[in-house]
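Think of it as A, B, C and D in the order they're written, each chain with its own count starting at 1.
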Amino acid sequence: MLKPIKKPVVKREYTFLERIYLWEIVKGLKLTWKHFTFNVRASFRPGPHTVPTCWQYPEDRRPIAPIFRGAHYLALDEKGRELCIGCGMCARACPAHCIKVKRGKPPEGQEEKYAGKTICESFEIDMLRCIVCGFCEEACAKGALYLGPDYELAEYEKGPCIYDKERLLANFRKARAEGKLKPKRKPVPVAAPEKKPVGKKAVSPEGKASGSQKEK
Amino acid sequence: MEDLGITVIKVVFIWTWVLLIATLMTWVERRGSAMMQDRLGPNRAGPFGLLQPVADGIKLFTKEDIVPEKAQKILFSLGPVLFALPAFSAYAVVPFGDKLVLDGKEIILQVADVNIGFLYIVALGGLAVYGMVVGGWGSNNKYSILGGLRSTAQLISYEVPFGIVLLAVVMVFGTFSLREISLAQQGTFLGFLPNWGVFKQPLGFILFMTAAYAEANRVPFDLPEAESEIVAGYHTEYGSMRLGLYLFGEYVNLYTLAALTVTLFFGAWHLPYLDMSHFLGPISYGIASFLVFFLKTAFFLWLFVWIRWTVPRFRYDQVMGLGWKALIPLSLVNLFVTALIIQLTV
Amino acid sequence: MREPHCNVPGCDLGSDQMVGDYVTINIGPSHPAMHGTLRVVAKTDGETVIEAEPEIGYLHRGVEKLGENLTYNQFIPITDRLNYCSSIVNNVAYEKAVEKLMGVEIPEKAQLVRVILMELSRIADHQVCIGILGVDIGAFTPFFYQIIQREEIYEIFEWYNGARLTVTAGRIGGQDADLPDMFEEKWRMLKDGIRKANDETDKLLTHNRIWMDRTIGISAFSAEDALNFGFTGPCLRACGVPRDLRKDDPYYMYDQFDFDIPVGKNGDVFDRYMVRMKEMEESIKIIDQAYALYREMPEDAPLKAKVPKIIKPPAGEVYAALESPNGELGFYLKSDGSDKPYRIKVRPPCFMIYQAFPELIKGEMIADTIACLSSLNIIAGELDR
Amino acid sequence: MSLQDRIRHCLQNDVLDLFQCQGDLFVQVPRDRIVQCLEKLRDEPGLEFDFLVDVVGVDNSALHEKEIKAREKALAKEKEKAEESGETGVENEPVVLEVPPRFDVIYLLLSLKSNERLAVKVKVPEEDPEVDTVTTIWRAADWPEREIFDFLGIRFRGHHNLKRLMMWEGFGSYPLRKDYPLQGKGEERHLDYDE
């Protein structure tokens, strides 16, 4: 048998001022009036974002953090060389499985366009699947893939939502032109390895494993 | 008896005016609420977003008119009409100014000075509920029916204190005609107060306002269309201009009620301690009285908006409880006290 | 008369039609007041709810199945999508479970960062809950006063690691970033802002008789029943049980902070509202203390324990819980020694609370159904997973 | 007395297994005694596990498969070794590997007085996936049990409203079972469990 429920009976106790409704309502009116006058005055002030909530979006934009996670871009270095080596670590780290990388050799005579010995022949990010978690950026050992400042990701068709390499590089150029390139991610300080047997045991095979993956 | 032409002009004028203000009210409501809530509100259409009501109107007109398949077609189309008609015609007996003298002809700024203006307003207010009930029932939607039922119970309950308070006012001024009541509020009362209804009927005023809010279905009495409980109440299934009529009728109702409040309790077009007719010409006096009346009305319209965005909503049974347990006894007490004082002083 | 027709599949609450004394009303899954996609099928007598049955699963995304096929770190972004009002708490709860499974102790600085971020998201969660409760009872304005402050909190999250709502804070073994430099100044302003917003909400609502009528005594619940139903968090504390995992089972240095557990008396909507309001103040106190400790830490103090790049906990099973804004949020984890969890079971606080919903609203009116639902702070993402 | 001892003392012979994992205590009890055991744990002074945190269902089939494979491999290796070394004789009998019951149902308990946690585990075989309901003790078990029924197909005897919770009525399979396919459309037709 299920236990029956006993609902407690609650007695409402009001003070006189609460009982007559009007006093509290007048207090509330005073408060909303204060906000009203403040905001009316604020809305006539020049400049964006004078009223606490509102940004007049397409014209005024909220300044975003420099580390904002938006649309991806593939970075070039100062000499204009592609940094991505096509190792595919980002694809492996992606929880949504939305990155496809194909590794290749740089074409004959164009080696100076690439920073690494290998290149990504194609690079595809399916923005329809992407959940913008930033794991790919974290996994990238070369600092080539970033989640950039662009947050206007809507498209009219599905096709353009799948970013290819050209699009990713274009994103980079756009961000560079706007001066919104992301600073390089600072690695967090890691504690010295503990003497705990569990930690140690776990560390040693893993070090090997990741090493072997890299060799592949 | 004035000639027909002037009456027609007055009707056309006041109709346009009320419609204009009602349209503007949608804008005031939205911008006003936005400003209270630290937002900006619609500000894209026209300067300060003033053309927003026009945009809304165009939108409502061009929407597809959808009638639910299982709705009762006749009732469904009748609902908005029944709601809007009384709302549009109620203003006929409420004055909107004193008088205008043109070519020696005296034009009273009121469509019809009926000597039972009160009864006309109460009767039309009672009719409006049919619009909601019929619309709610005809939509064949449970939420709509709930909204319709709520509106019936609420409006019928609040007609009673509304009427009783009006009776007390009638006793004070000794007439049913709204124009005469307005005229009677000139001068001072007890030597230092303006001779306004609110000073003669302070309790009556509060009760009247409460009942008026309930009649107009405004927060905190907006149960028939409480959007968080019963979706949109009686107009859940409505779209396009039918919905427009409901929304519009509501604002027209507001205007009528605000004007009524001004007429009864706030000295109509009279300024306190000041008789404008002494130092203004006949035409400018007419216009000034109209403006003063409108400004007072505008304040009460604004109060409707202001209160709406400040307080929470009642519950259905609490509204009934307030109506029957507080407002009716209080309005009766008010009536008796008024009668007693009048009996003792006259 | 043509009888209004109700098409409710799977509803066995008596008659579908408006004959007889009762009407079956289908509230949701698409209803202006239903948070997310909840659905309640209520049998009503006039406006009084005689019987109700909640239906859930409209937002079921198979999170647990997903987790079984992602690596340990890859599951963190998925936990963001559980209780999206306070995603960081979910992240940390999951990380805490994995760390427990691995036997890893995270560094103190990381603990402090986690505490600060979690308390921030607790405030954000309560703000949303209170705001929406106001909206559902018809008071629209407090919602905006609260939500503006929440935006400011989200700003801190954005500067912390680049996202506002689904933050994906922390990694297994520690934090992925340090607190942003702007935190100190921002927090000083934010603190006042939150207090002011709470003050204004308080002025507009708490002593307003309309509000009191709508909340006091509505869906009251006794402490005994609440415990039997597995209530935790503010909903339990509103019933008068001072239970809080931060005090009872302290984790992450919570035992070093000085804070109170606000409790209610009747377990009704009003008490839940008051408990949440007071809890925000306590959270502010905790953040202040945690930040004072944090500032004493050296700049380069470790934020992450030494964990392998690919997480492979030893085979075993654990249950770890922490106090989320809604109550005890737990993760049961089973590992088979591979790099993917063998089984993840989320213990969302809403899930337990929502199953008492039919009992809570029995005999109340339709309007109270909505008020009760908002005061429980049911988040569909967490409920359906 | 340590918690383990107290539990042993309380449950006596019902303790089939008692183990600790990273500080969490798990106790395995017989399937048909679960209600009595939980009642005892709730009422025993000194234990008082009076709060049901959650009920978890686990499908262990993949784990068992892995274990069996590993053991078969080990056996094969042993056999090879034996053959290599030239020993012949007694190993004719084929070794039958016993598969443990497929499902676990874990009741996570909490004592509000001492803040101790305990997980009570029952093993449920695939052929007869049925456990007594504990909604009679804690109503908190209501939806978790329905969820386990929904996802794993374990029935709870005596549950007052055992319907699917997340999935729709008529959904033909149990998605948290390990053999439920991850991809493809129409997977519910693919697997056909008889309910």
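Keep this in mind: contacts are C-beta pairs under 8 Å (C-beta built on N, C-alpha and C of every residue); 3 or more make two chains touch, one makes a residue touch a chain.
It should be emphasised that the depicted structure is a prediction, and the values quoted were computed from it without experimental measurement.
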Practice item. Note down the smallest number of touching-chain steps it takes to go from chain B to chain D. Key: 2
Point to revise | Which two chains share the largest set of C-beta contact pairs | key: A-C
Study note, to complete from the structure: By Cα centroid distance, the chain farthest from chain C is B
Check your understanding: Cα centroid separation between chain B and chain C, in whole Å?
Key -> 44
Review point. Taking each chain's centre as the mean of its CA atoms, how far is chain A from chain D in angstrom?
Key: 40
Point to revise | Averaged-CA centre spacing for the pair chain B and chain A, given as whole angstrom | key: 52
Point to revise | Between chain C and chain A, distance of the C-alpha-averaged centres to the nearest whole Å | key: 23
Point to revise | chain A residues counted as touching two or more neighbouring chains | key: 3, 25, 28, 31-32, 52-53
Practice item. Would you please write down the residue numbers of chain D that are in contact with two or more other chains? Key: 139
Check your understanding: Counting only residues that touch at least 2 other chains, which ones in chain C make the list?
Key -> 103, 141, 144, 148, 204, 208, 210, 213, 228
Check your understanding: Is the way these chains touch best called a line, a ring, a star, complete, or other?
Key -> other
Review point. Looking at the whole structure, which two-chain pairs count as touching?
Key: A-B, A-C, A-D, B-C, C-D
**Study point:** chain C residues touching chain B - in the complex, by the definition given at the top
**Key:** 2, 4-6, 18, 23, 25-26, 31-33, 47, 134-141, 143-145, 148, 204-205, 208, 210-211, 213-214, 365-370
Review point. For the complex, which residues does chain C have touching chain A?
Key: 70, 73-78, 80, 102-105, 107, 141, 144, 147-148, 151, 155, 158-159, 161-163, 166, 168, 174-178, 180, 200, 203-204, 207-210, 212-213, 216-217, 220-222, 225, 228, 266-268, 300-310, 312-314, 359, 362-363
Revision key, fill the gap. Seen from chain A, its contact residues with chain B in the complex are 22, 25, 28-29, 31-33, 35-36, 39-40, 43, 51-54, 56
Review point. Which bits of chain B are touching chain A when the two form their complex?
Key: 32, 34-40, 206, 306-307, 309-311
Practice item. State the interface residues of chain B toward chain C in the complex, per the touch definition above. Key: 33, 36-39, 70, 72, 140-143, 145-146, 219-220, 222, 226-231, 309-318
